[in-house]
Amino acid sequence: MSVIKEMLETYPKEFGDVDRPKLAECIAACLECAQACTACADACLSEDMVAELTKCIRTNLDCADLCAATGSIFSRHTGYDANLTRAALEACRVACASCADECEQHADMHEHCRICAEACRRCEKACTELLNTL
Amino acid sequence: MSVIKEMLETYPKEFGDVDRPKLAECIAACLECAQACTACADACLSEDMVAELTKCIRTNLDCADLCAATGSIFSRHTGYDANLTRAALEACRVACASCADECEQHADMHEHCRICAEACRRCEKACTELLNTL
Amino acid sequence: MSVIKEMLETYPKEFGDVDRPKLAECIAACLECAQACTACADACLSEDMVAELTKCIRTNLDCADLCAATGSIFSRHTGYDANLTRAALEACRVACASCADECEQHADMHEHCRICAEACRRCEKACTELLNTL
Amino acid sequence: MSVIKEMLETYPKEFGDVDRPKLAECIAACLECAQACTACADACLSEDMVAELTKCIRTNLDCADLCAATGSIFSRHTGYDANLTRAALEACRVACASCADECEQHADMHEHCRICAEACRRCEKACTELLNTL
């Protein structure tokens, strides 16, 4: 997280009106969620009941892809495009909500789903808060 | 493109109502556009006038990230989630439109921008058509 | 494939000694293999015997990640770094060989594994041939 | 970092001999480095002297791609493949060394290059240490 903030602070041009702490939090939440989803998909794959977790694995993989893309997009500030930014953030928010809903159904049985669901909810919240400032 | 179609045809479960040829076209368009944007960012970087192409490079990178994520998401069919799918497709469509708009401004001067803008427009169209069937 | 070639042809600076047709083939093979691996992982996930395909799914996901990264790296030509290029190509070659070995074990039973194994072998070969020219 | 560790601890099967703290550190270093490189490429793009930073931008982008792929690969533990793992780790290590070398040349002039070079060195070190345990 400290490197994310340092990189934001050393960006050489103006940012416009963006809320920097919320932006740093959103980048950190995207990276954390992408990693948690990648790891949760793999942990589900190693469960004996993997056949009942295939929707969870798939949603994890989709959510990881969108969080990684969004984390990269929010790490760039040059030539800001409001439409593209909002559309990426909205897609990430929806993916996190879907993945949290899915993982929460298995949270009682699988700790990795519980932890992943929490990471998804944090990222969903960070995206929502950032969307509200744009 | 033929491998994309073959992989679709050998998926072991039902697809529901999705229009398979449009889906295959959309995956192919996402991959083509992601690669064109990655290459266009790099070609812009090697232009003597790179300082005037920084917004183009940035939009290329964002578009590449979203097209790659969307191409992966559309290569999965297990545990389909309509909200997530639509949000990803919409983000990809918006990114392709933004990147095409940007590249078209340099198309007269840079062939790589002209070719990339065309790939973006094809992907925007493929996403729009697929969105209309969902 | 034609867009990959066109982007190579419109790169504005010199390439040095690289074999352009082999480079274009290698990029195309990386993208094809990444998509096939992503789709094969998902198809395996929908098989009734998914519990016996978990190693295949995992190797597919790793191979997709490395092929996508390598396809992007080979789409860039500015500021060429021979060590980095060779290391990426070698990692991609090894991943494709591992994934082909794994998918071939299920090729008689699952058509998606057969098609994916062939895409992996093509990409392994394209990487090996390009490595030999560097 | 705490979520990375929690996901490791909740993986349902055996890990074999891998050094878990070093693995967690390596995943965290890969994600941190990928983000720093993405942000450094963008910060370089906004410098007035961007024309002198094109090799730095390109190396940043390659390093980000390999660190992201390697971070995902190390987040998976099912069906471990030693050859693939070592090849990915080696490619990541080489990319981080190349990118650190490049960014260090601009570290006196650009704070973002200094911070990015440090993130690259940390990731290079984490990869080297993990390689030594495999």
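Should a chain be cited, it is by its letter among A, B, C and D, assigned in written order, with residues numbered from 1 in that chain.
In this text, a contact is a pair of C-beta atoms (placed from the backbone, for glycine too) under 8 Å apart; a residue touches a chain by one contact, two chains touch by 3 or more.
Nothing here was measured: the structure is a model prediction, and the numbers come from that model.
The chain with its Cα centre farthest from the Cα centre of chain B is D.
The greater number of contacting C-beta pairs, out of the two interfaces B-D and A-D, is seen for A-D.
Counting the residue numbers used at the interface between chain C and chain D, over half appear in both copies, so the two copies meet with largely the same residues. Separation between the centroids of chain A and chain D, computed from CA atoms only, is 19 Å. Once the centre of each chain is set as its mean CA position, chain B and chain D turn out to be 27 Å apart.
Residue numbers of chain D whose C-beta contacts span two or more other chains: 42, 45-46, 54, 57-58, 61, 68, 72, 76, 78. Residues 41-42, 45-46, 48, 50-51, 54, 57-58, 61 of chain C are the ones touching chain A in the complex. If you check the complex, the residues on chain D that touch chain C are 54-59, 61-63, 65-66, 68-69, 72-73, 76, 78-79, 81, 83-84, 87-88, 90-91, 93-95, 97-98. Here chain B touches chain C in the complex through residues 3-4, 6-8, 10-13, 27, 31-32, 35-36, 38-40, 42-43, 45-47, 64, 68, 71-72, 75-78, 110-112, 115-116, 119, going by the rule given at the top.
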